[in-house]
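There are two complexes below, and they share chain A, which is joined by chain B in the first and by chain C in the second.
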Partner chain A sequence: MQRIVVDAMGGDHAPAAIVEGAAEASLAIPGAEIILVGDAVELGKLLPRVRHDGARVRVHHAPSLIEMDEKPAEALAAKPDASIAVAAELVAAGEGDALVSAGNTGAAVLAVARRWKLIPGVRRAALASVYPTELRRGDKDDPFSLLLDCGATLDATAEDLVTFAIMGSAYAKMISKNRRPRVALLSNGTEAGKGPAAVVRAHELLLEATELNFIGNVEGLDIPRGVADVVVCSGFVGNVVLKMLEGVSETILRLGRYAHKQNLTWRIGLAALKPALEQLKSVTDWEQYGGAPLLGLDHLFIKAHGRSSARAITNAVKVASKALSGDLCGTIATGMRDFADRAAKADIRAPGDPDGKVEAPT
Partner chain B sequence: MTPGGRAPRHVFRWDLDKTYLRTEFDSLKDLVKSAFEDPADKQAYPGATAILRSLRAADGHRICIVSGSPTQMRSVLAAKLALDGVEYDEFVLKDNLKNILRGRFRALRSQVPYKLPALLASRLGTAPAPAETMFGDDAEADAIIYSLYADVLAGRVAFADLERVLAAARAYDDEALRTLDLARRAPKGDVVRRIIIHLDRRSATMPFRRLGRRVVPVFNYFQAALVLYADGVLTARQVVFVALEMLDSRQFELGTLATSMQDLVRRGRLERDIALRLADEAAEAAAAGALAGRDGLPPFHTISQQFRERLRQLGGSATGAWIGGVDEPLDYVRLVDEEHARRRERRRDGHR
Partner chain C sequence: MQRIVVDAMGGDHAPAAIVEGAAEASLAIPGAEIILVGDAVELGKLLPRVRHDGARVRVHHAPSLIEMDEKPAEALAAKPDASIAVAAELVAAGEGDALVSAGNTGAAVLAVARRWKLIPGVRRAALASVYPTELRRGDKDDPFSLLLDCGATLDATAEDLVTFAIMGSAYAKMISKNRRPRVALLSNGTEAGKGPAAVVRAHELLLEATELNFIGNVEGLDIPRGVADVVVCSGFVGNVVLKMLEGVSETILRLGRYAHKQNLTWRIGLAALKPALEQLKSVTDWEQYGGAPLLGLDHLFIKAHGRSSARAITNAVKVASKALSGDLCGTIATGMRDFADRAAKADIRAPGDPDGKVEAPT
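Now for the complex of A and B:
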């Protein structure tokens, strides 16, 4: 039976939305036990209000929590019994198989990075995020592409970028049911020689030492088009790109509201477009994905959005369950071994610094 | 009378569908399938058979089954119970054919006007027992009907109020008159010790709190066994047998049983000390051979440790004390009205 640990106290709508989402997951995923970590008294008040399976929702008491705006390292040091710390520890101790949290991203990533191990061959873990694109992919006709790293680390070597490509491809195969995901490096030009040295070298390595469906470099404008299913970049670049995409989306919404207020003709026009906009909204609804995985560690961590509703949490748990069923961490480990073997045969230096660390996210 | 001819000490009243048997009858197709299903194909919920057998084994215990299934199903259901080795003293089914022939279509779905008189008639038909425990489910209004039955026997429901409840439940006039007559004649006493509601629909447990501490919603029969142990009805050894039947079903693991116990303690339905006492007594039962031949299981001290660990995980917060407040007199007219509204809503939404 899968044991999925859920940080019940993390998130803007915690603990009510988290408990509701986890409760629904206990009914939707027959082969999983949900371990809710948080204030047992508080959770004990919430659980009886929602439908769930009492044999498969366990409560593990954690007396404190880390607020969304607290500084990660300081908060973790001051509150070793915070829900996210206890949750990460449970997984490290073998009491759970995966972790879902909608809480403070920095604290969550730091909590797992300090307690879990990197997969052999992986030097740095990567936070992957999905974003909606024009083109769809996979058996599920998935409208989302994967971008990694989005900020688990700042910089990345060529070997790190190859590692991210291997991890992202494995994840896309499993979650999007995309048999041969198109993998690309994000650069400032599609030519192989364009970009920083690490990107140029990673381009060579991906061609020479992997069997990924590597389609070369893509530029920023290719991201929303969906030219690639997995876009690989350093954490610094990924974080900037992600926030810019979010900013553009918010600006369009604001402009729409402005137009709605400005004059009657525009208002009528927007009203006529409403069904199409609603359809677009449902197609690109991030809540169906639930969260972003932190890839490269020996256990799975799904970071749900801080604003997650109950539905988003249910879906994050489902994604965790799917990744566990497909042995995502094992698949990544196999991918890394294959890469190391190929690199050795081709006399190329492969990644594998055993002292690799995950830094606090940007 | 019990098989030995003595007056019963304790009567256990069971519903069948969704309480003992995993039955789907939410659509016409389900109903037809259920009617023509072979007895061997019908599935009991894991642990339910072990509980029924354990209850029947004790001296002075009487098993009465009152089900809403049609009388035409008697032979199939009796065959299923026989296959499971479940013995019973009374088996009442609903005569729906008679209802159809008399044009009483409302009675086909009605719950209170059928079950309440059936329960009262059962109590009248034999020497009254000083204790009763009832088993139902959350698919219909079992928790309300059983509570009403208990309060009628305890003299907590005035006949005028009962009349109003029957009207709210849309009983036909003669049904209402018969029920009132049975309620007058039935031997009285505060005898219903426990009402166990199997959460087949996985309903939220909160709404059951208003029915008082007597009603305990359970997610599975391990939880039912724990409640019966706390009530002094089952022994630790019998609880172990229930657990083993559930493990054999492959639908439960030791971990899910331990979590089930934690859930009951967290909800204030099982005291922590009683859970710990059970662990000690179960260890003695295991040492005496209750787990003999169970190769797949870890040593009992490991199992016991796992269960204790589940309690520890709750921190110091959960004592297992009842948290539903003082039991208030119930407004059954309102409860029946709300139940009808819920059923209409479920039908409208196409839910179970």
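Now for the complex of A and C:
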């Protein structure tokens, strides 16, 4: 029986939406037990009000909680018994197999990173996010790609980037049922030599020391196009890119305000498009994709969006269950061992670090 | 008399559109002489066909040219007498004051970087690009901001980022007639401590060692919003961001294809919006903003877009003329001296380099 721990107190609509989503999951996923972590009294009142499988949902008390806008490190230090800390501890102690939270991202990531172990060979964890694309992919025909890292590891070495590629590919294979996910490195040009030293080096390693379906470098424009199923970059670049993708529809509406103010067609167009654009924006909120997985630790953490509805939480729990069934962490561990073996064997040249007043832009 | 050298052979519509644009500039800018570099025979045929001031346009012969898709370094090595190389040499030899080219970006940037000197204190040059924003700015009410670096310096140190801020601010002040350009660092969070070590350190330096109108860190979403007049980042990040901005309208149209295929309102909206979106896209082509300046060298190089029309070339020459009139390079040199003095005096703490399995994401 899988045991999926859910932080009931994290998220804009917590605890009500979280409890409702978890309750629905208890009915939808036969093989899983759900442990709701949070204020026992409050949860004890909410749970009976929603349909759920009483045999497979239970409450674990945590007296305090961390607000969405609190500073991660400080908040964790001040509240060792906050729901996210207690939830992470449960999994670390072997009383749970995976964790789902819609709460403060920084606090949640720190809470699990401090208590859980890195998978052997993984130097840094990565937070992967999904984003909508034109092309659909995998058996499930998913209209999104995976972007990682999105902020857990700001500076990434070549080996970190390869690790992200291995982890992202394993996740896409398991969740999107995509047999050979196309993996790409985000760079400033498609040629192998393009990019900072770490990216150039990672390109070599991906070609020579992994068996991933590596399609090479992609550029900014290729991200929304969906050229790749898994796009790999440092957490700093990924965070900037993700925040731009989340705002793409908003951006058009905003740009529209200054452009063509006098143009009636444009105004009609925007008016007609507004609801669709809003819907488009919601796609990037991961509602139907279960959230952003933190990859590289010995347990899976799914970070559901702060604005998560009950449905989003149910989906996040379903994704966690699917990853547990496929032994995602074990698959990643195998991939890392395979990479280490190949890298040791392969004769890989040192990366070329460009110098001079400028580098040749694309 | 200003002498502005124009690479007549570079660009998708070269040499005809370049000659036409330069000819128009000779009539529009009284104080400038324009030197067209390229095939003398071909240019000798084209020039008489367009209205121009014969006293202020002349042709300087260059027997060969570099195509848009050639590899920069290889092409420059193979064709030492290509128009862009000869044009850059003219300026280096003191026979010209500024250079405009719509040709191969990498080749042009390398050609000038190899022949011109860096302004004292500047370690690396930066290619700045303009992009459309919601907010308008400066006396000229410009609807765009400046983003730098966009690919000339992939990895940027804290000092490089501060240098970019100083150069971008000077350019915005001069070209947009914006007295106190708002300068921001692109990061993964608005707090001072957010970002890789170089960004955190640059934040400190900008506050303590410059008198720029530094508004702090901005995130991906703030770029199209126009929160800042000058956004500073490494060339790698800037290149990725710029390519996403250039494709924002295209992205919406593409996403629209998979979303709401059955929704008539959406289809009508897209149809009505298409021309406006196309127009919006063209805004990012720098047509009316004269192109992307390469900043940090002892002469100004304006990289006009490859698709530049005659009008875009005329505007690029106007921008070059305006920068020469305001002594842009001298202003940047002064700014760098000022920064060096303040940095020496200021007591600046060493940057905090985060460590551990993860960093706290925003």
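Rule of thumb we're sticking to: the second predicted complex is superposed on the first by the 312 of 362 C-alpha atoms of A that agree within 3 Å, B and C clash if a C-alpha of one lies under 4 Å from a C-alpha of the other, contacts with A are read in each partner's own complex, and residues count from 1 in each chain.
Throughout what follows, a contact is a pair of C-beta atoms (placed from the backbone, for glycine too) under 8 Å apart; a residue touches a chain by one contact, two chains touch by 3 or more.
Remember, predicted model here, so these are calculated numbers, not experimental data.
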| item | value |
| --- | --- |
| Touching partner for A:M68 - first (chain B), second (chain C), both, neither | neither |
| Partner chain(s) touched by A:M174 [first = chain B, second = chain C, both, neither] | neither |
| Touching partner for A:A192 - first (chain B), second (chain C), both, neither | neither |
| Touch count on chain A, higher of chain B and chain C | C |
| Touched partner set for A:M1, first chain B, second chain C, both or neither | first |
| Chain B versus chain C as contact partner of A:R56, first or second or both or neither | first |
| Touching partner for A:A340 - first (chain B), second (chain C), both, neither | neither |
| Partner chain(s) touched by A:A16 [first = chain B, second = chain C, both, neither] | neither |
| First, second, both or neither for A:A40, with chain B first and chain C second | first |
| Complex interface listing, chain B residues touching chain A | 199, 201-206, 209, 218-220, 222-223, 252-253, 255-257, 259-260, 262-264, 266-267, 310, 313-315, 317-318 |
| In the complex with chain A, residue positions of chain C that touch it | 72-73, 105-107, 109-110, 113-114, 118, 124-125, 127, 132-134, 136, 143, 150-155, 186-188, 195-197, 199, 219-221, 223-225, 233, 235-237, 239-252, 254-260, 263, 265-266, 268-273, 275-277, 279-280, 283, 294, 296-297, 354, 356-362 |
| Residue ranges of chain A touching chain B (in the complex, touch as defined) | 1, 3, 27, 33, 39-41, 44, 47-61, 63 |
